[in-house]
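Please read the structure below before turning to the comments.
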Amino acid sequence: MYALAFGIGTRNRKDEWLEVYFPRPVFRPEQTLVNEIAEVTGYAGGNTDIDLDQATVAQLSDKISDAGQKSLLTMITGSTKPLVLTILETDSELQTTPETYLKLHLLSHRFVVPNEQNLEGIYPLLPNVAWTEQGAVDLDELEELQIAARLEGRVLEVQAVDKFPKMTNYVVPSGARIAHAGRVRLGAYVGEGTTVMHEGFINFNAGALGPNMVEGRISQGVTVGGGSDLGGSASTAGTLSGGGNIVITIGQDCLISANAGTGIPLGDRCTIEAGLYITPGTVVQILDEERNALRLVKARELAGMSDLLFIRNSQNGVVECRTNRKAIELNATLHRHN
Amino acid sequence: MYALAFGIGTRNRKDEWLEVYFPRPVFRPEQTLVNEIAEVTGYAGGNTDIDLDQATVAQLSDKISDAGQKSLLTMITGSTKPLVLTILETDSELQTTPETYLKLHLLSHRFVVPNEQNLEGIYPLLPNVAWTEQGAVDLDELEELQIAARLEGRVLEVQAVDKFPKMTNYVVPSGARIAHAGRVRLGAYVGEGTTVMHEGFINFNAGALGPNMVEGRISQGVTVGGGSDLGGSASTAGTLSGGGNIVITIGQDCLISANAGTGIPLGDRCTIEAGLYITPGTVVQILDEERNALRLVKARELAGMSDLLFIRNSQNGVVECRTNRKAIELNATLHRHN
Amino acid sequence: MYALAFGIGTRNRKDEWLEVYFPRPVFRPEQTLVNEIAEVTGYAGGNTDIDLDQATVAQLSDKISDAGQKSLLTMITGSTKPLVLTILETDSELQTTPETYLKLHLLSHRFVVPNEQNLEGIYPLLPNVAWTEQGAVDLDELEELQIAARLEGRVLEVQAVDKFPKMTNYVVPSGARIAHAGRVRLGAYVGEGTTVMHEGFINFNAGALGPNMVEGRISQGVTVGGGSDLGGSASTAGTLSGGGNIVITIGQDCLISANAGTGIPLGDRCTIEAGLYITPGTVVQILDEERNALRLVKARELAGMSDLLFIRNSQNGVVECRTNRKAIELNATLHRHN
């Protein structure tokens, strides 16, 4: 059993799901819970969404022994909004909007890390909606609500028109600071001890494993290891944004300085100086620990290596890769390739 | 006849307009509509704002044959907020706040493209106000409302103190995604099929003609052609932000990569590599298709040309302009100038 | 007497302060006001927070002669939220959450400039909370409120999870524009005549002395002098973000262009070209007014000097420092050191 969760959602006037909030998703649920649910709902296996009426919610609340789920069911008994139970027996290709929202919740609740679960088929299952303080609004129903709010002297705040909501309206992970929540999408993984500053950004299925200082952009698919910092406006090239097929991973204790960027994965303890962008095709001069020029390589050949320091020499414009003092093993490797 | 629209607005305690929302502006209205309006309001030509009381709205609703305008009038009949009819016979210099708001709406509704209409006189006509969920608030009236909200256990959210509101509270154009609406001003042109990501920004009288991926900043006056992408934090120098008098236009199918920027207009199919900023005064080494050095030029001499690829050579720091393979004609031109 | 203020605050269920709003703080209060307060409250000196009940507020309102404070007390008499009087006899190390909020208010009200007051001990006194339109919410109490809002068809908008709130919900300084308020923290100093554009950012205890155009990031501790501009995504390295121990100050009439950055303090009339990042360790070629190479220096040796223009030569990658024409004195200094 992969996951299950009780959700409160929004449907448009055509009765299509716009979004679902799953306050307490259960990852790898115990068989007891599945059995209790099956007794009430008749669930017989597979991946499915079950619409819940108030009577069923009450029955589930009586039946279920898990304290957290029971109290959630008690809370939502009187909901005026549509309720749904989504059960994923397997982590297979996405089929419905509630399933998709559930998997995004699993990432932000840190049950799974980026690229670990199957998100095939995600885009068509996420409708593009207006995100307002009244929740998700179908774009065809928006103007009427906007005018109505105005006539009452209010504004219906349309904070985004997007397929993804902000994470913090769904999940606020422990031990994290997110200075501007509009820049962290549901489906982001924000690790314990991580601060995402105002200039930071984390896409869905991307994340900072924690602890991290994030003042730059973590693109879809990218993960940043513990102890690594992204400086202000630092860029990680995602597969959706020109980075090609290489999935970027930043290891531990790296520093991508302000206004710098990388189009290659980095190992541990790597540094890119402020303002320097390393693309896979950047020709890099490798220096040894005495700053002797060893050889020229394309940056993609350095993908995933540790203990690298990238700078652009300010006296001649050469992009150099120096190895940290400790990086004896790496240097040995590089000499061997020389 | 240039445009007309019925609006719901906000006035301060001195009865000055702070802003006006025109849900359904009419560009180049048909004479029938103008005549119907004139019969009810006595409109006799020129650019003018007509304050509407409820009786007049009801009369207009009866008289007007256009279905969209009639239904709008029906909706706003019971408004507690000031109503206005703004009519622009000509696209002349701005004279009033409602006129200014109407012209900004025309841009965001895609009736006109940036730099197409007369926006002379815009700044003094846009009061600097606090933008809150209760609408625009005069700065002299703000503290009282902030304290009152606090005493009730709420916060009056001051999302901006600015002359321009966010576009999406006024216009949500079709086929667009705007991941963080606070970064797209009313008066932006967001073309069909365009996604403005969290790091994207579009000023008023600026735009992405669509389809585009916008993760960078489109400054006032700048337009980006269809198929072009602005990478994260990519910069386009506007006339208001140090770019001088050159109005920047980016053609079709260009890529300004992450953390790159341009201070010169670009034709079609141009690329600027990640992290490279081209200013008008940047001395650029032109290379032909075999990478032979042709000549040095200041970047402003390349303004508006197509099929250019700008990189900074990572082995010697030279800013190079290579032509794309297909760019035979351009190369011929460049050789001729050699 | 350093400062005092009446505040409306938020406490969590454990009765701990989450935040305090001081609408009208008094800097260097007159003795009369202090005496009047002491008569009612028994204040006997020192730095202290005094919880106020409604009876005391009424008494204070009667007693106090200062018109602004009296009217504030009248307004808050009926508050449903906790009220507090914070008095700071001295600018000593921070001891309580209300004290901390008061000092942040003093900065944003422009009573003090960044680095002028004692902020020792600030971080533990600022709880990390969820910032919503219902005010600050303790993270342990958040889920319940989020679920409750959903059941009613609303969303509790969690705009940030942070120790610092946005400034504009507490202070809106005169003569300023702040295009996206989520990027200016309480404790920022935003000078008269300053515009903070959407890409601008100002941390607490940092500021633009005014008038300024801020489209870049002003890190904690950094001040920017009048007439200076920070271009889009321009970076100032703060002591908290990798800039080491050097406190960065930008003088007057400087231009840090788009996507540029500085890790050294600058004097007046300095320019850094678009896309160039100067770190303390950058080796810079000094040129005289005829562009003759004078000598190589590390940028940190130029810290605080005026009339410098930094560019990266696009023909050879050398980072050059040219002096502005007027900078004869500086050149003399540099020649002397030659």
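Letters A, B and C mark the chains in the order given here, with residues in each chain numbered from 1 onward.
One rule holds in what follows: a contact is a pair of C-beta atoms (placed from the backbone, for glycine too) under 8 Å apart; a residue touches a chain by one contact, two chains touch by 3 or more.
As the structure is a computational prediction, the values presented were derived from the model and not from experiment.
Residues touching across the chain A and chain B pair largely diverge in numbering: under half of the numbers involved belong to both copies.
Between the two copies, chain A and chain C, the C-alpha superposition involves a rotation of 120 degrees in steps of 5. Centre-to-centre, using mean CA coordinates, chain A is 30 Å away from chain B. Across the assembly, chain C contributes 133, 159, 182, 233, 259, 275, 312, 316-318 as residues in contact with two or more other chains. On the side of chain C, the complex with chain B involves touching residues 8, 21, 23, 72, 75-76, 78-81, 132-135, 159, 166, 168-169, 172, 174, 176-182, 198-199, 213, 215, 229, 231-233, 255, 257-259, 273-275, 312-318. For chain A in complex with chain B, the residues that touch the partner chain are 128, 130, 133, 139, 142-144, 146-148, 150-164, 182-183, 201, 217, 233, 235, 237, 241-242, 259-261, 263, 275-277, 279, 282-285, 296, 312, 316-319.
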